[in-house]
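To keep things simple, chains are lettered A, B, C, D, E and F as they appear, and every chain counts its residues starting from 1.
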Amino acid sequence: MLFSILIYGSAHNSQSAHTAYRFADSALKAGHKIHRIFFYGESVHTASELSAPPRDEQNIHQLWKELAQAHELDLVVCIAAALKRGVMDKAEAKRHEKGSFNSQAPYELSGLGQLSEAAIISDRLITFGA
Amino acid sequence: MLFSILIYGSAHNSQSAHTAYRFADSALKAGHKIHRIFFYGESVHTASELSAPPRDEQNIHQLWKELAQAHELDLVVCIAAALKRGVMDKAEAKRHEKGSFNSQAPYELSGLGQLSEAAIISDRLITFGA
Amino acid sequence: MTTLHTINKSPSNLALWHSCMAALLPGDTLLIIENGVYAATHTTIAEQLSTLEGINISFLSADVQARGLVVTESNNTSIVDDQQFVNLACQHSKTVSWF
Amino acid sequence: MTTLHTINKSPSNLALWHSCMAALLPGDTLLIIENGVYAATHTTIAEQLSTLEGINISFLSADVQARGLVVTESNNTSIVDDQQFVNLACQHSKTVSWF
Amino acid sequence: MQQKKILLILSRAPYGDAHAKEALDVALTAAAFGLPVSLVLTQDAPALLLKSQQPQQIQQKNLASICSALPMYDIENIYIETLAAQIQQITLDQLVLPAEFVNEAGIALMIRNHDVVLRF
Amino acid sequence: MQQKKILLILSRAPYGDAHAKEALDVALTAAAFGLPVSLVLTQDAPALLLKSQQPQQIQQKNLASICSALPMYDIENIYIETLAAQIQQITLDQLVLPAEFVNEAGIALMIRNHDVVLRF
C-alpha cells in the first residue's frame, strides 16, 4: 500500500506530529511504502533545526529526520505556511534577505501542489490534525 | 496604571498576538505604562526574526519590535518554551551548538520568574489566550 | 474587586462558554473578542447573555466588523473600541481570559 | 468504499464529536486517538458510542495507557496498537480526521 | 489514472486562526491541479461566506473575497450544513456566492462518495 | 508590598497539547517566588491527577508525577470542579494527591477573592 501523510498539528503544542511519526514507522515496518509526508499549518515548525527540547523529552525534528534518512522519505514542508512562520532554508533566507536559515534537507520547502499530487498518487492520504 | 501582558496564543495561527498588540498600543496612547510583555506557549514564535509573511499581511514580529523600540518595552520570551520550539538568541545558539540563531533584542529570553515578577509588580496582568 | 472577563472562542465551544458564564458575578464585565463575537448571532448563547443580571456585556468593535456581524446594543450590552477595552481593564481590579 | 475515521479531541468538544458520530456509516471504523480516548470514561459519549450499529469503535492503546484509562472491550469496541492502526487504514478505502 | 474527487470539510470560523485561510488555499491549489473539488462548510465555517466581513482593522485578508473567487476556479459545489447555518442565523442571501444546504446525513453520503476527504 | 494571591485555572487534558505542562510550570515558579498559589482543575483538567497515567509509549513526561510534587512546593490548595470530575467518572481515590471538590459558584468566588487569575 502506498501512503501519504498530511500533518497539520503544531510540532510542539500538539501530539499529532508524534502520532503521525509512530504511524509512519509502523507502516514502514509492515512493508508499506510512503510517498510523501506533507507538513502544513503549524506543523511546519517541525522542520526547524533550531529546536532544542530538554534531553529527556522527544525531539520530533530529529525523529522525522532519522526516519527520512533511513527510508529515503520525501519530507515536504508547505513553503507559504513555513515562510510566514519563520521556517526557511538557505535559498529562501537569501531571497528574503535574512542573515540565517533554520531548515535543510531532508526537509524540503515546496508548494501546496505537492499535497494535491500526493492525494492523486497515493492509495491512502491520512491526516494528523491540529 | 501599570500593565503587564501575557501572550499565550500562537504568533501565526491565532489572532491573540495581534489583539494584544492593539491593546498595548491603546494603553500607551492613553498614557498608561507597560511593565512587561511576556511571551509564553506558542506565542514565543513571535520572537523569530525569520518570519517572512507576504507583504500585504501583518508582520507581528515587526509590529512588537517597533512598539518596543518606541516605548522601551520589556519583551520577555519564556526561555524553556522558546528553546523547545526553536526560538533562540546568539548565546543560546552557542550553548546548544547550533549554527545559527533567530532572535535578538528587543526580544529577550528569560525564565518564568519574569512572569511571576510581572504579576507582583503590575497593577493589572492581562492574558491574551491561544 | 470586580473582574473583567474576556472570551475569544466561538460559542460552538459550549463547555468554555458555560464555564465562563457561570464564573460571572454582579459588577463584572464580559468582553467578547475575536471569534467570541459570533455569540452575537448564536441562537442559544445570545439569549443566555441577555438574561445575565448585573453583568455588563461588551463586544470588541474591530472583531464584530471583521466578521460582518450585527450587535444589538441594549441596557446591558454595548460595543466598545480598543481604547474602551483599556478603560475596562482599569475599571476592574483584575482580568480573566477564557480561551 | 468504507471509511476509517480518526478523532483526537476530548469529548468536551461536543460539537466535534456530534459531527463526527453523525458522519459514520455502516462498515466504517471510528479510531479514537490522543485526547479523544477520554471518550472511554465520558458519561454521555461513552453511552452514545455503545449504541452505534454497524460501526467498529477502536481505541489507540498507547493513548489509553498514557492517560491511565480503562477501556471495556465488547462486540463493537476494541483496543488496537499502532500496527493495527496501519491495518485499519489499509482495510478502509479512505480516512477522515476529526480534530 | 482515474481522476480523484476531493471533498474539503471546513469547520472553523475565519480570522481567529489560520485554518479557514489554509483550507481555501488547499481548495484553490487542488482545483488548479484539475481535481474536482467540493466544499462543505460545517460548525463555525458558514460565517466564512458572509459578504459583510470587513477585517481591515484586524489587519487580515478578507476571506469572503477569496471565497467569491472559488467559481472562477471551477469550484461550484459549495454546501452549508443546515443546522450550523441555523444556529448562527445565517441565510443564503447574506452570502458572497450561491451555496446549497446539506444536512448531516447528506454529509455522511458525500464522504462515502468522494475519494479523498480533508477536514480543516 | 502586599503579597498577591494567585489562582491558576486549568482546563485542558494532559498530553494532547502543552497547556497542562506549561500551566504546572507557572504554578511551580510562582510558588518558588513565594506567592500563595491555588489550583482549580476544570473541564478536561481533573484527569491530570490520575495516578494510573503511563505516557512512556507516547514519549512524554508523566504529568501525574509533576503534580505529586506540588505539595513540596507548598501548593496545597488544589480543587477539582465537581461536575467535570463526574462527567469523566473521576473519584478522589484515583488521584495522586488530596484534592477538594468545588462547584461553579465556588470557582466564581475564588476568582473574586484572588488578586491574579491565570487560565490555561
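Keep in mind that, in the parts below, a contact is a pair of C-beta atoms (placed from the backbone, for glycine too) under 8 Å apart; a residue touches a chain by one contact, two chains touch by 3 or more.
Since the model is a prediction, treat every value here as computed from it, not as a measurement.
The chains in contact with chain A as well as with chain B are E, F. Chain centres here are means of the Cα atoms, and by that rule the chain farthest away from chain D is B.
Seen from the Cα centre of chain F, the chain whose own Cα centre is farthest off is E.
Mean C-alpha positions place chain C and chain D at a centre distance of 35 Å.
Annotation: 25 Å between the Cα-based centres of chain A and chain D. Within chain C, the positions touching two or more other chains are listed as 8, 12, 15, 34-35, 62, 94-99.
In chain A, the residues that touch at least two other chains are 8, 10, 12-13, 15, 19, 41-42, 57, 80, 125, 127, 129-130.
Across the assembly, chain F contributes 15-16, 18-19, 43, 58, 60, 116, 119 as residues in contact with two or more other chains. Those chain pairs judged to touch are A-B, A-D, A-E, A-F, B-C, B-E, B-F, C-D, C-E, C-F, D-E, D-F. Of all the residues in chain D, the ones that touch chain C in their complex are 12-15. Partner chain B is touched in their complex by these residues of chain C: 6, 8, 33-35, 60, 62, 82-83, 85-87, 89-90, 94-99.
Listed in rising order, the residues of chain B touching chain F in the complex are 6, 8, 40-42, 80-81, 111-113, 115-117, 119-120, 125, 127, 129-130. Residue ranges on chain A touching chain B, taken from their complex, read 10-13, 41-42, 45, 48-54, 57, 61, 80, 83-88, 92-93, 96, 98, 100-102.
Residues 9, 11, 42-43, 104-105, 107-109, 111-117, 119 of chain E touch chain D in their complex.
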